[in-house]
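Some structures to go through are shown next.
Look for chain A in each of the two complexes below; its partner is chain B in the first and chain C in the second.
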Partner chain A sequence: MYNIKGYLDACTVSEAIELLAQNPNLRIIAGGTDVLIKMQHGQFQEAELLSIRTLESMADIKKLEDGTMIIGALATFSQIFNDPIIQAEIPALAEAAVSMGGPQIRNIATIGGNICNGATSADSASTLFALNASLRLESKTGARLVPIREFYLGPGKVDLKPGEILTEFRVAPEDYRGFGGHYIKFAARKAMDIATLGVSVMCKVAAKTLTEVRIGLGVAGPTPLRCVEAEEFAKGQEISKDTLAQIGKLAVKSTNARTSWRASKEYREHLVEELVQRALKTAIVRAGGEELA
Partner chain B sequence: MAFSVVGKSVQRVDAVAKVTGKAKYTDDFYERDMLVGKILRSPYAHAKVKKIDVSKAKALPGVEAVLTYWDVPHLKFATAGHPYALDPSHRDKEDRFILTDKARFVGDAVAAVVATDELIAQQALQLIEVEYEVLEALTTPEKALGEGAPLIHEDCERNILAARGYHIGDVEASFAESDYVIEGEYETSIVQHCHLENHISYARQDSDGRIIIVSSTQIPHITRRIVAQALGLPWGRVRVLKPYIGGGFGNKQDVCVEPLNAAMTLAVGGRPVKLELSREECMIDTRTRHAFKFKMKTGVSKAGKLKGIQIEAISNTGAYASHGHSIAMSAGTKFRPLYAFESIKYDPVTVYTNLPAAGAMRGYGVPQIQFALESHIEDIVNKLGFDPIEFRRRNLAGVGYVDPLSKNKVYSNGLAECITKGKELIRWEEKQAGYSRQSGDRRRGLGLACFAYASGTHPVGLELSGARIVLNQDGSVQLQIGATEIGQGSDTVFAQMAAEVLGLPMDMVHVISTQDTDITPFDTGAYASRQTYIAGMAVKKAALEVKEKILNFVWGMTDIPAEMLDLKEQNVVYKHSGEVVLPLAEVAMHTYYDTVFAQPITSDTSNNARVNAMSFGVTFAEVEIDLKTGKIEVKEIFNVHDSGKIINPKLAEGQVHGGVSMGIGYALSEQMLFDEETGKPLNNNLLDYKLPTIMDTPDIGVAFVETEEPSGAFGVKSLGEPPAISPAPAIRNAVLAATGVKFNRLPMNPQRVFEKFKQAGLI
Partner chain C sequence: MLKKISFTVNGKALSLEIDIRESLLEVLRTRLGFTGVKKGCGVGECGACTVLIDGTPIDSCIYLAVWAEGKSITTIEGVASKDGELSKVQQAFVEEGAIQCGFCTPGLVLTTTALAESGKEYTREELKRELSGHFCRCTGYNNILKAAEKSLKPEEHQCACGHHGEK
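So, the complex of A and B:
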């Protein structure tokens, strides 16, 4: 049951910021696919909602002249999946977007909400981690840019200060150009499911060598994370089955999986080792490398 | 025999109403100032309610009533949707109150609120203060059967609801004569029906003070009786209406919300009250499928003949009896016409636990035992080196089998042909050859599993169905049946049957889909795959009676003897030549308006069936297993059924699609999980409960071997439940063929597959 005490609809970003400054108890609602469920489960009582749904400027996806990708926080998952720029430049993000929920949810859920919700299972998060995306947060006192890896503070906790609105994601050209990427969502179902593990890998290859590898994981710890040790090792390694196997093993070292009724720690770690290799295999091909037998 | 409407894939009679949104479901029966009911649920799996303080809740503006155990009649009632039995020893276990003073599972209803809207009702629930005395939660049958375990129901020793089995022949003698005696243990999980429409009803009192209930139920007449029993009212004081419903699968062959809903309207002076469960509530406080554990022991001869089988079964019925006692018996009964065992010893124990109550679910115990039996047969075949198809074929009981206990005789059995057809469809030989030597991380395998099922419950239960037909002035008819359309298409096949007998096109048969216990002919409802078989015969009888009356009337009009006449294409015709005598519409006008002879033609017929037809079938499945991730994918699956004559092939195919997808979920992903210590549900929502989506469902191949069943109208046998029975063991046997690993416990989800593969050294 939705116990909605108040509902404000902002017409511009500055108006939203102003309203938020006046009443810090306002809870921002965009697509509502997380907020409404939390309300139904009684997680917030008597919510006063501030809707930002109609702020069209925050839904843009564009590439700036210097190559920086801008993804508005209100871009929906359907929009991201169907966007020609995303499909051309960072297809792994399109893969992540289309893996989320079902068509109806993808039509309304936003990438900004997905990240601000703070869940380790957020389908867009591991790819945004691998892309070194940064978040633009605006408030009455100004704007700040925060790298996504610093935005997550703990399970369900993000660095969104009172009065702040996430307006857009930025991906610098050096973080996606020349990379091949792939996202694997491992879940019990092919749709309408939460990931048991999300693996997003970006890599660059030259000749038969990996020049850079980035591995973002979801549900491998309390927040999305990067596999730094594996990435360090991978740099400059010759592409081979052995290399991939070692990367898979090292990736597990960065994880902090736990046993729950959903899956055991042992199984999750096994999946990390296996799926990092599978994602990297595809990413290598997409980066222009040769397919490993 | 050539039919003109029967056997054709005519469009569903409710297709347009449903796709245009005009079909009315319970929630569409909105009334002005309708109140909302909500239930306070126990947070403990096993606890006595010591004290309830409702004063704060009652004081909340908008709250119209608060009910507890102390505000409702203390009449124990049974909820299972079975016909009433005149013999008291044959009745269902009465172990429920409308609201309880002892919680027996997490979610048990201890209080309820009626308020002007849902939000106020929800807030009022939070204001009810309950003091509990917490008891030990018995979350498994082993705990419940343990020495010194507290009793969940005081009158059931060792928490055993029922333990009635049977012996046929001498199983020990069979084992002694066998060349091999093989044992196995198998286990199934608790799953849920997941019908699209959750449980919902609305209740009010009419101007005479009678209670009117609109409910999403499979069993309106039984609901009327149980509501009256629970409230201590004469049965005629209750009227139940069943509009269109969004699926049931057995979960609405039980009375879950209606007695409380009736108590709610009585508490507010008869004002209308809606009681609707959320998905989360529906998954714990309706019914589930019983989890079973089986120990099987089978004697086999060198020549590959099954000799004797001994089956021990433990069935977990949860907190309340519901259908528990009869499901273990159904499991032990329906497999018997499948294989020709010389002797069978069946020992089931149905145990209460502090988990949600288990009840009827598509297949009624048979998907459970068939998973065990067909896995066990496969293990025998593997161990002794027989061919899995030939071994089964050799042991079929076949036509002429007479069940030694029920005395039901098999008059039609197309299973051998089903097996042949399924084997061809999946290209068994060709694929088998390719899969004999596999390496690598992806393995493929083929498997099969058979089943037998009944059509209705004879001789265990009463099989009574009513049909009423009225001939209208224009030569069309109204068809009223007590049998309930729950999405399976029964209204359409009944209309086809009436149209066939009366020589009418489909659009001249108007089916009254809503059941109303004040008006509708008596029928016990949609369950046991009975309706097309039992109620179908009632429709045929009613149509034949109307036909006879029409022809007799025409005899009076024309002096042509009735036996010389027939009905064809809306005309009364000469039987021998087909020449038209009179248009039916003209005859119909005379039946209404002839100043001397007018007498409208109707039939009100009841069919009390004392027959039962066995239906059969087989699943062939091909799987691919990703060894490294533990994922099993069904690549191809074929269900081949002998359900006698198929009345509507398209609808029949739809039944099979639904059943197979249910079977795939049962095999690979579905299970309800509970905290073993506290009994708290862990996944009572559709995100965490892994019901497969259409994306997870392969194309489902369907085929029928049509036999002629002499006891069914137009040769029909059951099809409602059968498709859900054999997919799980077929998939399990395919995984065994692909990997050599035996999965004796459902579901085969990736976590479990990973663990077993690790044990087996495959990864």
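So, the complex of A and C:
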């Protein structure tokens, strides 16, 4: 039995917001794959749960007329992986989705829960960082749009104010169109494992030059992060082994890896240098560039 | 706190009062006696507790029983036909020797059943991926994979003409 004191089901987003405003102790539960595990570990006692899992409007994935991609917070990882729009427009996000957990977990875990949980290892986070995704947060006082880089405040800490609910992610057309991308999850096991490092790279190429590169990393610091220095260097560089090597080296500068039982700091830094190059190589090809030998 | 829920298990409609603290695993095993739903880790890692909810495999240990409202649930007890004839998937597991202690088997059979019913085709790598949410401590995964592949093969043509296997 779970240590649950109260349980409410919200039928609409506005009802969920109303209930949250009335009782700030309510804990939102979506797929429950983080919440229920934390309860078993005794992290939440006598929880008062507000279930949002039946809010179907929050599970949609769609492309607006202006090209903006909308990914509902309740979209599950299986749904994202199988979605034809995501597969066509942002395949790196589909890759990230299928790298997460195992099938039964993907069938129920939501992308909103993955981000609101605040873990640096969240498999969807590095790609959403590379995509400059923004989050729509709704509360009784209105809605705000927050860039994902500002949403993460620290390990397990996100900028979700009391009474707020994450309804959807938005990706602007200029942040995915024309980009090639690739996500590499590095973990000790192929499935059912938390990432030792997550690397998501998006890039644009013209002729033999990198016109834009974005590098999102997970588990390279207390929160997911972007490798700004490497990205700025990359802009306008000719595609070569040497360029990639330099990008890999510069990427390490943005990290703040630490030693944990999964891997040492030095090992993680080595992985950053190496895997950023590998992910970029694939991303270049997907962006229409030539394959580097 | 109690809550009344209505759902079907293996085709049978049920209505019962459950405690909001209960997992679906607990309700199925202890309240309803479906002991084919196994409890391994209790934290979503091993897949022993897998059931199909509206045809989709989920780990019932981390699924609250209240969420089952209105759902159609299949446990291993509902896979064979009423007169006890094994399903194609079960038969394949027997034929390939994909079972030792059998603890992981209900979950694996259910996930494989969902794959078979999806009508999609899977490569060997994709099958491995789709079965990766199940831990088996005994057999090694080779025979399990073979059984899954056999389960997904289209029915062989069998008729009096004698051209067995040809279409």
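To be clear about the criterion, the second predicted complex is superposed on the first by the 292 of 293 C-alpha atoms of A that agree within 3 Å, B and C clash if a C-alpha of one lies under 4 Å from a C-alpha of the other, contacts with A are read in each partner's own complex, and residues count from 1 in each chain.
By definition in this document, contacts are C-beta pairs under 8 Å (C-beta built on N, C-alpha and C of every residue); 3 or more make two chains touch, one makes a residue touch a chain.
If you're wondering where the values come from, they're calculated on a predicted model, not measured in any experiment.
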For A:Phe186, decide between first (touching chain B), second (touching chain C), both and neither. first
Which superposed partner A:Ile194 touches (first chain B, second chain C, both, neither): first
Regarding the shared-chain residue A:Asn3, is it in contact with chain B (first), chain C (second), both, or neither? both
First (chain B), second (chain C), both or neither: which does A:Leu271 touch? first
Identify the partner contact of A:Ile108: answer first if only chain B is touched, second if only chain C is, both if each is, neither if none is. second
Please indicate which partner A:Gly32 is in contact with in the superposed arrangement: first for chain B, second for chain C, both, or neither. second
Could you say whether A:Ala263 touches chain B, chain C, both of them, or neither, answering first, second, both or neither? first
Chain B and chain C contact sites that coincide on chain A, given as residue numbers: 1-3, 102, 190-192
Residue positions on chain B within touch of chain A in the complex are 118-119, 122, 628-630, 669, 673, 682-683, 686-688, 690, 692-693, 695-696, 749-751, 754-755, 763
Give the list of chain A residues in touch with chain C in this complex. 1-7, 9, 32-33, 36-37, 40, 51, 53, 98, 101-105, 107-108, 190-192
If we count contacts the way the header does, which residues on chain C are in touch with chain A in the complex? 1, 3, 19-23, 26, 42-45, 47, 50, 56-59, 62-64, 66-67, 111, 129-134
Across the complex, what residues on chain A touch chain B? 1-3, 102, 186, 188-194, 196, 261-264, 267, 270-271, 274-275
